[in-house]
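Sharing a structure here in structure tokens format.
Chain lettering (A, B, C and D) follows the sequence in which the chains are written, and residue indices restart at 1 in each chain.
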Amino acid sequence: MGKSRIEAFTDAIIAIVMTIMVLEIHAPETSTFKGLWGIRDSLSIYAFSFFVLSVYWINHHHLFSIVHKVSGRVIWLNMILMFFLSFFPFTSAWVLEGGHFAAKAPELTYGTVILLANIIWALMVQDLIRVNGKQSLIGKSLGADYNKPFISIGMAALAVVIGIYVPLAVFAIDGLMFLLWIVPEKRIERTLQNNKKEDD
Amino acid sequence: MGKSRIEAFTDAIIAIVMTIMVLEIHAPETSTFKGLWGIRDSLSIYAFSFFVLSVYWINHHHLFSIVHKVSGRVIWLNMILMFFLSFFPFTSAWVLEGGHFAAKAPELTYGTVILLANIIWALMVQDLIRVNGKQSLIGKSLGADYNKPFISIGMAALAVVIGIYVPLAVFAIDGLMFLLWIVPEKRIERTLQNNKKEDD
Amino acid sequence: MGKSRIEAFTDAIIAIVMTIMVLEIHAPETSTFKGLWGIRDSLSIYAFSFFVLSVYWINHHHLFSIVHKVSGRVIWLNMILMFFLSFFPFTSAWVLEGGHFAAKAPELTYGTVILLANIIWALMVQDLIRVNGKQSLIGKSLGADYNKPFISIGMAALAVVIGIYVPLAVFAIDGLMFLLWIVPEKRIERTLQNNKKEDD
Amino acid sequence: MGKSRIEAFTDAIIAIVMTIMVLEIHAPETSTFKGLWGIRDSLSIYAFSFFVLSVYWINHHHLFSIVHKVSGRVIWLNMILMFFLSFFPFTSAWVLEGGHFAAKAPELTYGTVILLANIIWALMVQDLIRVNGKQSLIGKSLGADYNKPFISIGMAALAVVIGIYVPLAVFAIDGLMFLLWIVPEKRIERTLQNNKKEDD
């Protein structure tokens, strides 16, 4: 089964989710910089969520760039991933209502969505390896010793647990976790550059 | 006539419809889990509609993956399908107003949109076979004994009829109907894998 | 200059415009069919605008399918076309405020947007022919005797003029005009089918 | 690393940003042309922002058309560019609240977003040249004597400084600056036409 439409669909969903979040930043009540300062929470959560979704998109881009085949199961896992990512406008808006990131329930919900997305991610990587085979590009790049998805699940789970006591910790720990994903997999990069050379 | 722009357009429409539905989930009034529980209806209908649209997208993806030619009529049928699918944010929002899925009119409207979408789907499949010919991939895969679109129309019609007496039945019966479509057509899969082998 | 990104961008814009219009259909005040009847104006204008945008998209699809080169001027004309089409959610919403399509200003504005879009369309077709040459596919298909864009400008202008006296006429005359565009250009179809044969 | 998904993602983000801005144009309070005149500020800022985003998109289109390789750094710079562009619906809405473009804070914020976007643009161009090499298409086209990005940063900075005293100047100076970018780089055009000839 081809992968291009899944990529296109994923691009569209993530782009829309990122962009409609901006609708939640309401114009300040006054036309002053004090007014702008008054919506600093809105701007912060928007920047944070935009960053998180960027990380997911960039890594999705990299992951699928070395994939040749997808299965019906992969498509559904991807769809469930999109489902969880689509909650960002909602959780971001709810976090704001709590005021200054101190309310427990919205922060924990925000963190739980990330935890669930990470679990689906790990399942999807495994499935992609199984479908493409251990000798495929993805099989070789992200084989047996590839633990990052599991570390990320662990950190996201930790974020939720610590968040029960210190809500703000959700953003701190999840933020750290996403920093791990900023630099695209070196292994994927290498595989891709080799391919690139052959293509040129 | 090429099919790629129709696919791209369909991807965009379905992605947007899925994603703007999340704008209808308003943040709970309180920053507590009780508040979250209070919007369980919003979350349920969002999950259900997201699932329904996922099924349409995945099957659209599969259907068009074995199509070579499209006609002006197919493009218009696809457009009408998009028109009905675009009603999901509206019908989902209206269902919520009725409260706990007990109001008749919104549920029946929700079910009618699905019924109409299914009718268009069946017409589109027939047209695609006619345009591509009986000896084409789609002609062979979804030929004379392919009754699933008609069964789905029947079930969606049943959902509306039963829904007159028990509104909630619309979701139950349509939900069952969409379960039939979760696993992509085996016949299409087989055809595609054969092609894939030749491509690799 | 390649045309694929212009197509992709156009697809995205039109898909979003079509879909966000649905946000203007507010759920009826009551959960009854009477409530649904109460928003018939919303539903009608949505269906009409969706139809109009479908016609623009389908004809854009056809037009660009026979284009090989685009110029900077074509890109800007296309952008201006997108600008006018992006007004549909606004003009559709305003028409509704007037009540039962009887107010003059909103209807005339709605019609003026269509008139302007048609003028840009005609300019774009001319430019595409100039850029691709008279011996190109588009030059041969839509050459000297191709008057449809001008007839459409005339009809859209007529719609605005008559609309000054009978606002509803805007929809009637523009509706008729768009019917002319439902069937994609036969000449384009023929050209495309010839190409298709060579591709297969 | 391939560039097509970055292009597709950028197309989607810019298309959505442009289009959701129209949601900020609220229907006039009365169904008269006087009512339409009453929202002239909304319409003006929409047209201006649509124009600005068009310029960014068209130049992005041109820039990437001569790019062969992208790096992880380029992807992140592009993402940050998208982040700043996504603020247009917000800054456009805030500018409106100030009334007749006379308030300082919203105008300066609007201008600052453009300034930041221009800085990222310049960094991205430099990185693309470094990644693709000085002998690549982009290296030859936009080499050592290519000062336009820096001139644009200077003008955007000037717009913000003058804006402190005359808020409206932000639009005047930035408007002038974007006029420089209306005509796509001649150098890119030439490179592309040469390529085109080889492709045909």
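Here is the rule we go by: contacts are C-beta pairs under 8 Å (C-beta built on N, C-alpha and C of every residue); 3 or more make two chains touch, one makes a residue touch a chain.
It should be emphasised that the depicted structure is a prediction, and the values quoted were computed from it without experimental measurement.
At the chain A-chain D interface, residue numbers used by both copies make up under half of all numbers present, so the two copies contact each other through mostly different positions.
The distance from the centre of chain B to the centre of chain D, each centre being the mean of the chain's C-alpha atoms, comes to 37 Å. The centroid of the Cα atoms in chain B and the matching centroid in chain C are 26 Å apart. With touch defined as above, residues shared between interfaces to two or more other chains in chain B number as follows: 8, 12, 16, 20, 23. The touch graph of these protein chains is a ring, one cycle where each chain has exactly two neighbours.
Two chains count as a pair here when they touch; such pairs are A-B, A-D, B-C, C-D.
For chain D in complex with chain C, the residues that touch the partner chain are 7-8, 11-12, 14-16, 18-20, 22-23, 25, 27-28, 31-33, 35-36, 47, 50, 54, 57-58, 61-62, 65, 182-184, 189, 192, 196, 200.
Of all the residues in chain C, the ones that touch chain D in their complex are 1-2, 5-6, 8-9, 12-13, 16-17, 20, 23, 68-69, 72, 75-76, 79, 82-83, 86-87, 89-90, 93-94, 96-99, 103-106, 109.
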